[in-house]
């Protein structure tokens, strides 16, 4: 196999800088939204003392979870040695970094005292899974940077499988930590479940790959990079498998709860009577974010896979947002059970299903995280050699997979 | 003086002793010192202002639900007044440290009315989840938020099984000097820690007694001679969500 | 053309602006230190200037986490002593422009976070109570009479 050569993107000034300017506007708007929330206090948002985490958290969790999963492609290439995915490893790492930075920015800017970020970085309670996550997130960034370096620096290439393995284990732990933010909430009927950790891992794999597919398709379209149908089909089918895994864990989560009479209330709420949450669950997550994309990618027309895979990726992406919305907001909207078996009433909305309407500043802040991630990817692609010269199927040489891998691995610098 | 004393939580015997001690101290010591010596009376060992709290004391509150009248809001009003919790007319975002909850058993129709506030758990979930350690439990069992290091993430609010915490959604002005509170941090019932450290009872307890309810008893659960310990020993009392195993400092009788 | 005109105007105005600033005696006005009640602060002025925040930080952790309520470096005591009476009655916030805390901090260009949460005026009770706690002390006296 020919050695893969990588390049920066060049030219396309109008399109590139136009898009960058657009993203810049979104980022500035999100900063303005954060300032507004900070200055006025959170009463200008839809968040209350009952729904304490809102749209910023939904979108930030999406970004963080997707960041971990965006590294799928790099892992498959370096850890599992699949040549098809190898040339995409660098882009995969870049996207993972960018998504994580975007997600953390949203999370931090939503804090009541975002000005105390230094306190959060220096004062720790190690019993808190949240504190652990601060380490897991910053550590993930460091690991991915090293991983990118050993991939991009030829003399270090031989360490790529080891770095890839560390990165893969790290991201599994990271997503376990993110899922456990909810899994460890003993008091809440909708959370307090060990299955949330593997569910979040599955979500990260699926949402991260969907984000990667969309990034790849957009990049190839923008730069004129050829994208082979065989590669696209593989990415598409992999997405289908991962989306099915998410559905599996979702089924386990709800079936387990349904079995316990104690949890019948919250299940009835999410699955039947929750209004917008029920709709988002069945239509958003299960149908449009799960069954439809799975059907799309397993019936790909030969030679014309790209359109369908992009559509499936968009659906999985949106379905993921719906799913996290149901988990985060729906779980809080359902009233906390303080007195099992009793009807309760108070001035503090005890026993009342809360409604939540995300406000414009919240949504703007969250969208800014996505813009930030996109901008980081674009700057990265422009300044360093993340993209291979070609992604045509012939360049990926599917016929001499094992031999090619070895040859590439052993080639002297 | 009549039989009704505002300091319901205190054991009369110790009070008698401490009153005598106070008289003696008043003779020998400067007024400023006397003050603290006397007023730290609620604890098993009177605590001087320079002494830190210790775990030899565990502050607790017993609510006799039979004596808590439906429609009476004296404890809530007293809390709002004491801690300066003026709202902004937005019930969804205004802070509530204590609230009255009306219960109804749907199968029998039986009704109950009770005050609910931070339960000052021995194993508080809010303290476990707090990333910076701003949520903490004082040695004497009072669960507090150190607003100097609270970053406003609200994870403790998600973790609290009693919905006892509020996030400050707006700028606060004219705070009480002894109850600092500000936008962007989380807060909850402090057991009126500023009063407890002076040897007084929480404002809600005092108000309940003054309103003739006498439904709340405050005191040291570690002191076998305190009124609350005697009552907890004599009667069956309940915790809210005992299944969680948090060992709350607030107990309910006749729930 | 337009750009050159703006540049010329700026060049013309610059010395004038500088002169105007120079005549503003010292530019940043020196802080006006409002005198507190009582004879002297809890420590000498030089020490308090340099270390008041160290002491306040230390005291805050002692009080918050360990329930130590000594008065020497308590922020509440600072406010009680350094707040001035308003001509219209009541106290002026120590965080108001020109008042004790603000005047110095404005001069040093250091923001004060304390009063986002802490009261910047003495409370009503504090003024009544000053020196003794008549209410509590009275209660105990009454009870001893009863016994």
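A, B and C are the chain letters, set down in written order, and residue numbers restart from 1 in every chain.
What we mean here is this: a residue touches a chain if its C-beta (ideal position, glycine included) is under 8 Å from a C-beta of that chain, and two chains touch if they have at least 3 such contacts.
Just so it is clear, the model here is predicted, and its values are computed rather than measured.
Chemist: Specify the contact topology among the chains shown, as one of line, ring, star, complete or other.
Modeler: Contact pattern: an open line, chains touching in sequence.
Chemist: Measuring centre to centre, with centres taken as mean CA positions, what chain is farthest from chain C?
Modeler: A
Chemist: Centroid of chain A to centroid of chain B, CA atoms only: how many Å?
Modeler: Those two chain centres are 43 Å apart.
Chemist: Return the distance between the CA-based centres of chain A and chain C, expressed in whole Å.
Modeler: So the centroids are 48 Å from each other.
Chemist: Counting in whole Å, what is the centre-to-centre distance of chain B and chain C, each centre being its mean C-alpha position?
Modeler: 31
Chemist: Give the residues of chain A touching no fewer than two other chains, as numbers and ranges.
Modeler: Within chain A, no residue contacts more than one other chain.
Chemist: Can you list the chain B residues in contact with two or more other chains?
Modeler: Each of 183, 185 in chain B touches at least two other chains.
Chemist: What does chain B use to touch chain C in their complex?
Modeler: My answer: residues 1, 5-7, 15-16, 18-20, 22-23, 31-32, 34-36, 38-39, 41, 47, 49-53, 136, 138-140, 144, 146-148, 172, 174-178, 180-183, 185, 193, 197-200.
Chemist: Quick one: in the complex, what on chain A touches chain B?
Modeler: Listed in rising order, the residues are 38, 40-43, 48-50, 52-53, 111-114, 116-117, 119-120, 123-125, 127-131, 134, 181, 184-188, 332, 336, 338-339, 341-350.
Chemist: Over in the complex, which chain C residues touch chain B? Could you list them?
Modeler: So the residues of chain C touching chain B come out as 60, 62, 64-71, 76, 79-80, 116-119, 121-123, 126, 131-133, 136-137, 139-147.
Chemist: Enumerate the contact residues on chain B facing chain A in the complex.
Modeler: 88, 90-96, 99-107, 112, 116, 125, 127-133, 149-155, 157-163, 165-171, 183-186, 240-241, 244
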